[in-house]
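Chains: A, B, C and D, in written order; residue numbering restarts at 1 for each.
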Amino acid sequence: MDLKEWFANRRKRQENLEIKQPLTTEEYCALWKQCFQCRELIYTRDLHSNLSVCPKCQYHFRIGAQERIEQLTDEGSFKELDSSLSSTDPLKFFDTASYSNRLEEASKKSGLRDAIITGIASIQGKEVALGAMDFAHFGGSMGSVVGEKVARLVEAGIENHLPVIIVSSSGGARMQEGIFSLMQMAKTSAALESLHEAGLMYISVLTEPTYGGVTASFAFLGDIIIAEPGARIGFAGRRVIEQTIRQKLPNDFQTAEYLLKHGQIDMVVERPKLAETLARMIDFHQVIEFRPRVAKTKVEATSTHREQ
Amino acid sequence: MDLKEWFANRRKRQENLEIKQPLTTEEYCALWKQCFQCRELIYTRDLHSNLSVCPKCQYHFRIGAQERIEQLTDEGSFKELDSSLSSTDPLKFFDTASYSNRLEEASKKSGLRDAIITGIASIQGKEVALGAMDFAHFGGSMGSVVGEKVARLVEAGIENHLPVIIVSSSGGARMQEGIFSLMQMAKTSAALESLHEAGLMYISVLTEPTYGGVTASFAFLGDIIIAEPGARIGFAGRRVIEQTIRQKLPNDFQTAEYLLKHGQIDMVVERPKLAETLARMIDFHQVIEFRPRVAKTKVEATSTHREQ
Amino acid sequence: MVNNETKTVPLDFEQPLTVLAQQIELLEAQLQSQPELEPDVTHLRDQYEILRRSIYSNLRPIDHLALARHAQRPYARDYFDRFDNTWMELHGDRKMADDPAIISGLVTIGPYKVVAIGTDKGRNLRQKQICNFGMPQPEGYRKAMRMFEHAEKFHLPIITLIDTPGAYPGMAAEEHNQAEAIARNLMVLASLTVPVIAVVTGEGGSGGALAIGLANRILMLEHAVYSVISPEGCASILWRSADKVATACEAMKMTAAEIHKISVVDEVVDEPLGGAHQNYDLMAHTLQKSLIKQLDKLTKMSPKQIKQDRLEKYRKIGVTVE
Amino acid sequence: MVNNETKTVPLDFEQPLTVLAQQIELLEAQLQSQPELEPDVTHLRDQYEILRRSIYSNLRPIDHLALARHAQRPYARDYFDRFDNTWMELHGDRKMADDPAIISGLVTIGPYKVVAIGTDKGRNLRQKQICNFGMPQPEGYRKAMRMFEHAEKFHLPIITLIDTPGAYPGMAAEEHNQAEAIARNLMVLASLTVPVIAVVTGEGGSGGALAIGLANRILMLEHAVYSVISPEGCASILWRSADKVATACEAMKMTAAEIHKISVVDEVVDEPLGGAHQNYDLMAHTLQKSLIKQLDKLTKMSPKQIKQDRLEKYRKIGVTVE
């Protein structure tokens, strides 16, 4: 809508208050979305009701943690954990803006406190400890909050004898928390070691995109690893690799399908079948047991974290 | 020596009993050996005192189980186990000759009852359960006797709390014992599982050549795997692979050095250093312990084997 | 998939049957015009059944081999589909490859949930190439090992269906240490505290078969074979002649009945007359019954007993004198 | 190997020292003919020492980085050789490769026998290429994992020496699932009941460093650095400028002193004045003393306590508010 149009409209508005308004760009974008893959224009409400999967080409749009949880869990079953846990700026990190400011911005944009939502919920009747990451918040990066929430989620799983499911989507570690951020890889992996010792199941769901420190820790430690179609998953980013090896990579490099072929994941599951698959997986592993499942090692349940 | 010569000699013998005899071919071969690698002629006694390693090019000649044990163990320390254990012919196997006949032939040729000698010995003062295979007996093939002797050796290790060392040299499974032979792979691996559970060390030494069912069972299950220089080691034979892939293989394919480069063995150790390396390995792993080593699972010590 | 209406490919030793069947067909075609032929047709049909039974109760080892290798022989996937039409396939060794020659997944068999592993030879030429004709790569064995560990963690019994010519004699397979991959599987299988049942459904080819075959109970289908080396390999090494395959088959005692007789195999599972490929559904049903029967017994044991049972089984195998 | 006689390569911030050293050299050359210069030379020599100390007690983060990356910095092999000149190197992941960027073996450190693992950057160009400049492949991490398990089985403590730019962003590395390799190492390290001590001796580069760095105690040499991303990577992402490396170094708090201050690192090990490369023997000796001191404490714990100690350490790392 250019200025002339706008003035024309304003005049019309003044003449006749009931005139129909043309859409603003934001409104337009809110109502319609274009598929990244097939370029089809899709009515947003339709897209949403189709689980944010393009009805034409089945492209799986990125979705946020909230939408993910809504899609997967039984209505009203989700009880959030640690909703108030927030980042601080332990290193007083400052690049072109301060980390504190960036955190505020990120929250304003995403409506979230950090890049993961965790809680207890049921999926088609099966109770689980569930985490969902949100790429829209700070690129889904893992800092102290993501690490701490994952660790607590896993502990909740151990305490309540529940399988743990984490739906990942992340650009990697959060640089602005420096070494703390790197150490969250160790923290989350150590937590999962305790879950493993307790004989409990962990299902990792990889979604577009999952990279870096998240893949090199909890995302690749699933007893079962599921990916969504087309999701790009890897440790190093495609561009970095191309710069390093000075070669073009195959088009489907690091896609879910490529990973399946290379033995890195158990299955690729389309979004409409995800909840059912998870429920069936959980059901399958709740078998008539030969021996009692007992947690052999347990970390102090009270999380001891420093505050600055 | 041709007939004429022989008659001439006989005549001379009759004329003069003190005449010096020319060497027979056998005598000649017994006195001199030609290096397979550098073609050097070596006086057999020198070769033997050099641990059957060519003094010129360091080629490691194949050696038998007896010589191996002499080289490795402290003099007089070797106490053989199960020396009377022998093969039978459970399948009444008959190819161009019967298996029974072949067994007799093999023993006549090698002077052994079967392709492995096992016992308790000390290596530079360290007590060990030691097995040495002999390629000269039936191509070092593994049938019921090799399987049973390995299993008993491992059990002796568990009982006496000793590390186990097996020096392998084998063409693979002994076809003439059919499925019994295949099952010795399972039997020896299962025995080693019990050793592993008992927290005891097993060192596998691979020598020229080690192939087939022996590599795909006890030979590749060492906590530490050592190979002799130049030894050829693999599952499938070089010729079979070349026929399958219709390609020439690299010259050093399946050599100890190739395997080292491909991460399959821990080290290549020259024969003169083997005893010392084994002794140091054993010494290193006898550490001040944090916890008692207890055999968790123990198979009935009395071996129950069928006789037909 | 083959069902009863699909014509199955006849084997050499079935030649007399084929001839007879053709005669019957000819007569049947004339029945309409010459109804007096009816008794002859009936007689021939009876003869056919008698001949069929006679042939199938007098098979030579090489005939079993032909049945075990029949192009229409049901493979692991055919069984899994019939045990549980919603079974969930799990892929990959997590490290570098998903070997299609070894398939694995979560399968319900009657009242039991199990981790199922099987070799896959591939049905059509393209699939056969993808599956490397059922010869696994080291990555396939390592995928199986991941499944063993999964089963152990979740206390799920393991069922393996074996039909493979053996390990693949390839360069990469050696470079990726297939000897170690097989050996490690044997050691891990020996360590498990969950029941393991191995079934040789077709060819049990040497180390490649054993790599998923160290089990509490070994079953063989009636016409399956199991051997330490392929009969072709055996013939060429011992007789230096490819013509001696039949002789090698006899010498090695590789049929289900023979191996059962020497107590290495615990149970021989009946096949439909004419072989498993004559009736996939019936074959799967019979096998399922056998598996459930074995699982009924094994799951009554404690984890410790299950492991002990397996260790003792293999401790005893072999024939020696002192 | 560098010893005290070999000229070490000067770094940027050492420029004033180099200038002064040249002046001293000039004067020294004249001493023979002009003995009256003796006091000047002595004075300058004192000045040199004062300047040196002053420079080394006022290093910027990027100066530490330069020292950590110094071409003559001692690498794992240099330490292992000095701890135990008969240490036994163990090779390979048993599956497909022996990654030269990760070395491992059985090393005696004072009264302790340990499984030692370290990264290797390679000294000359050829070695550097073989070692991929210290960037391990997935097979390297898996080799390390095999060593972790070996140590656990034989109750041997684990020492890791870390000096790596990080994991390698290569195609094969991704295809061989380096993410999983690193993650699996973290989980296995967390599970061990033997003491693990990690020492960042040079560069602690991100996930590649952490893959052998999850330990009961983390030590850093005085001039070592440890960061979640290379400063170059950080600068190019956050400032979109390669010039901002110094700023990125400051922002990330990657020096030993800074990381020790926030309690992620347990001990900072003094280096010889001028950096570890000035005196390999002294550096190895100092580090050995620290390791023995740490081992003295850790080996007093029970296996259960050792594991618990490690889990609690990592459970606590991170800064959040509620």
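Please note the rule applied: a residue touches a chain if its C-beta (ideal position, glycine included) is under 8 Å from a C-beta of that chain, and two chains touch if they have at least 3 such contacts.
In this text the structure is predicted, and so the values were computed from the model without any measurement.
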Chains touching both chain B and chain D, listed by label: C
Chain of greatest Cα-centre distance to chain C: D
Between B-C and A-C, the pair with more C-beta contacts: B-C
Geometric centre distance via CA averages, chain C-chain A, whole Å: 44
Chain C-chain D separation of Cα centroids, rounded to whole Å: 55
Chain centre separation (chain B, chain C; CA means) in Å: 35
Multi-partner residues of chain A (at least 2 other chains): 196, 220, 262-264
Residues within chain D bordering two or more other chains: 94-96, 175, 177, 180
Category of the chain touch graph - line, ring, star, complete, other: other
Pairwise chain contacts, counting only pairs that touch as defined: A-C, A-D, B-C, B-D, C-D
Residues of chain A touching chain C in the complex: 196, 199, 201, 220, 223-225, 260-267, 277, 280-281, 284-285, 287-291
Complex contacts: residues of chain D adjacent to chain C: 94-96, 138, 142, 175-177, 180-181
In the complex, chain C residues that touch chain A: 86, 88-99, 106, 108, 113, 139, 143, 150, 153-156, 193-194, 299, 302-303, 306
Contacting residues of chain A [partner chain D, same complex]: 82, 84-88, 90-91, 93-96, 143-145, 147-148, 151, 173, 175, 177-187, 189-194, 196-197, 212-213, 215-221, 234-237, 240-241, 244-245, 247, 249, 253-254, 262-264, 297, 299-300, 303-308
Chain A-facing residues of chain D, complex: 167-171, 173-175, 177-180, 182-184, 186-187, 190-191, 206-207, 210-211, 213-214, 226-229, 234, 237-239, 247, 251-254, 259, 262-264, 304, 307-308, 310-312, 314-322
